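Data first, discussion second: the structure below is written as structure tokens.
A, B, C and D are the chain letters, set down in written order, and residue numbers restart from 1 in every chain.
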Amino acid sequence: MAIKIIVAGPRGRMGKEAVHMIYDTADFELTACLDHKNDGKKLSDLEGFSGDFNAPIYTDIEKCFSEQQADVFVDLTIPEVGYKHTKAALNHGIRPVVGTTGYTNEQLEELKQLTKEKQTGCIIAPNFAIGAVLMMKFAKMAAAYFPDVEIIEKHHEQKLDAPSGTAKKTAELIQESRKSKKQGHADEEETIKGVRGGDFDGMRIHSMRLPGLVAHQEVVFGGAGQTLTIQHDSMNRASFMDGIKECVHQVMDLDELIYGLENIL
Amino acid sequence: MAIKIIVAGPRGRMGKEAVHMIYDTADFELTACLDHKNDGKKLSDLEGFSGDFNAPIYTDIEKCFSEQQADVFVDLTIPEVGYKHTKAALNHGIRPVVGTTGYTNEQLEELKQLTKEKQTGCIIAPNFAIGAVLMMKFAKMAAAYFPDVEIIEKHHEQKLDAPSGTAKKTAELIQESRKSKKQGHADEEETIKGVRGGDFDGMRIHSMRLPGLVAHQEVVFGGAGQTLTIQHDSMNRASFMDGIKECVHQVMDLDELIYGLENIL
Amino acid sequence: MAIKIIVAGPRGRMGKEAVHMIYDTADFELTACLDHKNDGKKLSDLEGFSGDFNAPIYTDIEKCFSEQQADVFVDLTIPEVGYKHTKAALNHGIRPVVGTTGYTNEQLEELKQLTKEKQTGCIIAPNFAIGAVLMMKFAKMAAAYFPDVEIIEKHHEQKLDAPSGTAKKTAELIQESRKSKKQGHADEEETIKGVRGGDFDGMRIHSMRLPGLVAHQEVVFGGAGQTLTIQHDSMNRASFMDGIKECVHQVMDLDELIYGLENIL
Amino acid sequence: MAIKIIVAGPRGRMGKEAVHMIYDTADFELTACLDHKNDGKKLSDLEGFSGDFNAPIYTDIEKCFSEQQADVFVDLTIPEVGYKHTKAALNHGIRPVVGTTGYTNEQLEELKQLTKEKQTGCIIAPNFAIGAVLMMKFAKMAAAYFPDVEIIEKHHEQKLDAPSGTAKKTAELIQESRKSKKQGHADEEETIKGVRGGDFDGMRIHSMRLPGLVAHQEVVFGGAGQTLTIQHDSMNRASFMDGIKECVHQVMDLDELIYGLENIL
């Protein structure tokens, strides 16, 4: 039997792709959408959705969750709104799958309690790209054997922050299993300042910015006579859809809150 | 306290490096060596070992294991000889660490029984390069989420067999977790025969052979909008020493036989 | 002073991007467009072009080239149409820049004569991606010193033909400067058929097909103790625009026909 | 007919490999060696050379060049000594091939004059690795079309200086053809200092240092929708031998001084 899904945020870039993914997946069924406007319309009334997309749109959370029998609730809105949605879904026994980095520790703790109370699965994921999450997971595992590691992340030249959030997160995960050490030769010298990259607990991070790049990262581990490289290349948001799909399947069998895709892969 | 080690095959290429590694490792101590000649000499009497290498050499297994109190026995000889050595070591309560691909299933089964009986740890590893073993382990894990995968292995032009043993082993491990499928477009056509590589359960393997290459492998997984690559580059045998070191440490806490480094990493 | 440009095929995918590129380039000016319909309209009347795009549309070649004083004519249509366009442009003294692989040798020869006669520059390019063309040019140069070379091209799994046209073209260019030889060990053996790739004059070509890939190629040269790799990664059609831009600039100073971007880079 | 060669510095690491390379090359003949000791001996009297190596050893330059009719003189000693050798060789009409970065501009100028006067070819090369030299040459060529470029060089963790000499030289060559610009977003921010690498005329250089690495460099060019990467991997000194061989062949046809392998490739 198909898994019945409600999506919040169907007009956003991620939401739109998620709605299409659900329609394209044999064992998924889109029951309804939550949107802060367009109450009473159907998806097919909105721009970018063809006539097949007949799911009803609600602006009222309670009404939506009461009228529509759903198994899973996928939230692709912003953190403040998503938080309210998630609580309401849990209260209605609908399993939330939420893509966000924005919840506070207090909010996460409260949702954890509520999940336990309601015995309803819930997945909150800062990153739905399975490849990126596996890269981080493998990097953490490898760091236990190879304490010498450098990260090089490569993005388009419009990116403002360096290093990327993924690079930082990778370094933090590596730190959990790596024996802390200052890498490189004790007497090494930079004749051009900065070439050895950024220092994070003794390991090095490099950020490349060039037009033509999208979002890429290499984690390179070195040991005597060998190197091990784990690399993720992301071309577009389509990479997130496989992660959402995986979460929808797995949340059906959960009765607790899982934070981070790495904990279900 | 130092871990006391006996090495069999100290004059071979791997054995020689292992002996040096043991001397260079603070908590390791070389107690003796097994060699099919040079009985009664010391390592320092042989070519390639300096005066510090004062471990005695035995040709008689029983005598060696009786006279020398050792914790671990490292065998770097050939399968037929190594098999006898391993049994003898277990009978003396000395934990074997053996690098070989050559044991039959019957031999492995017999050693497994003996290990259980003697409650003495034993590690048998076809490949001591931790990086290569992690690559295979990660590849198997990733294949559960990305059924589309191709392997490209790259070796020097003197290599006779294609694909490499590691590529084949990787493909077999991937097969265990991957949903079997024929990859590529159903109607794809080769205008030059062989360009799509070798077929292994629907996935593709490519072998590159060029002077200047040593031993390299990339496993590339593809999903919508993303690729995940796991790559191992091996420069020389030094890469095996970290694996032997890891095994010596871990075998101390085992009371069963482990086959393959991937099962202790 | 701005270079005045007429574009044929403004509604196609390449044409649309070219029109936008011209509007975004300070020293370029779009004078008019050739289209097989929409005569008398303006670009801004068509879908996908905002109000600023006020270039007039013609369906009649002669009328267009007579009424509009242009320096360069960019043809992004299909070969049969483009061929007629190109001849007309040359007859009007307007320099053609044509993206096509479809002209016959006879057509090219005729255009060459006409170019010489009219002393009007003309560039015909099968590939406008400067990076891809440089990759091929460098590969040809390197092959003079490294006769051992393998090509690995990587494309999305919807691609039907293998190897790619670029890989084949690269191999042909390499052949012009490489000392012909059969690569690999004389006694090498495939235990899985096809792993050593396709044979092209003794060198090897490999084609990888995976979802998540776009269009990539590596050319790997091997010599004693070293390898040299030239790699091109193409994400989208934007890569062609820099090539068109370069051609528009260079055709202004030409008085002959140039076939292939590699001959002006 | 074989090219007759005198080698200076046969006991050094490079010299020893060069001597073996000459013996292994069909159209090369080792006439004699220059060494600051061992006068009157044969190569085969020294450690590391078998009985076939019967070239006589001289300590006196003039005597060596007078008694031995040679076509080419290969100097693999240190700059001060090599400079004297090179002048003497030119005076005797023997073509020098010298591997050094150590000559001053005055010395180079003087040798240039002498070369012209004697109409005797001479090649002085800071780097004999053909792959590395081609990488730099290609990088310079590509920079004319892609002003956005980053260099990442990767070496073993024992290397003291960062960036490598090759990276610096590459950046200088790129600078000659690249339109100077500050790369990256104008408002980009480093949240970990140094991640964006070292700044060289607005482009970025990154230095990775890990055990297991040997000597590698990638030069990555980015343009709209595409990247072009030129990569050199050096495993050992064998990579220099092909360069010496090429120089010996080419110097036979020269009548001037060439500085840098890039000018003959």
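One rule holds for everything that comes next: a residue touches a chain if its C-beta (ideal position, glycine included) is under 8 Å from a C-beta of that chain, and two chains touch if they have at least 3 such contacts.
According to UniProt, the chain labels map to these proteins: A, B, C, D = 4-hydroxy-tetrahydrodipicolinate reductase.
In this text the structure is predicted, and so the values were computed from the model without any measurement.
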List every chain that touches both chain C and chain D.
A, B
Suppose chain centres are the mean of their C-alpha atoms. Which chain sits farthest from chain A?
D
Centre distance in Å when chain B and chain D are each reduced to the mean of their C-alpha atoms:
38
Roughly how far is chain B from chain C, centre to centre by C-alpha average, rounded to an integer in Å?
49
Chain C touches at least 2 other chains through residues 212, 221, 223-227, 233, 235, 239
Chain A touches which residues of chain D in the complex?
148-150, 152, 154, 157-163, 168, 183-185, 187-200, 204-213, 220-227
What residues of chain D sit close enough to touch chain B in their complex?
212, 214, 233, 235, 239
For the complex, which residues does chain D have touching chain C?
129-132, 134-135, 138, 141-142, 145-146, 221, 223-242, 246, 265
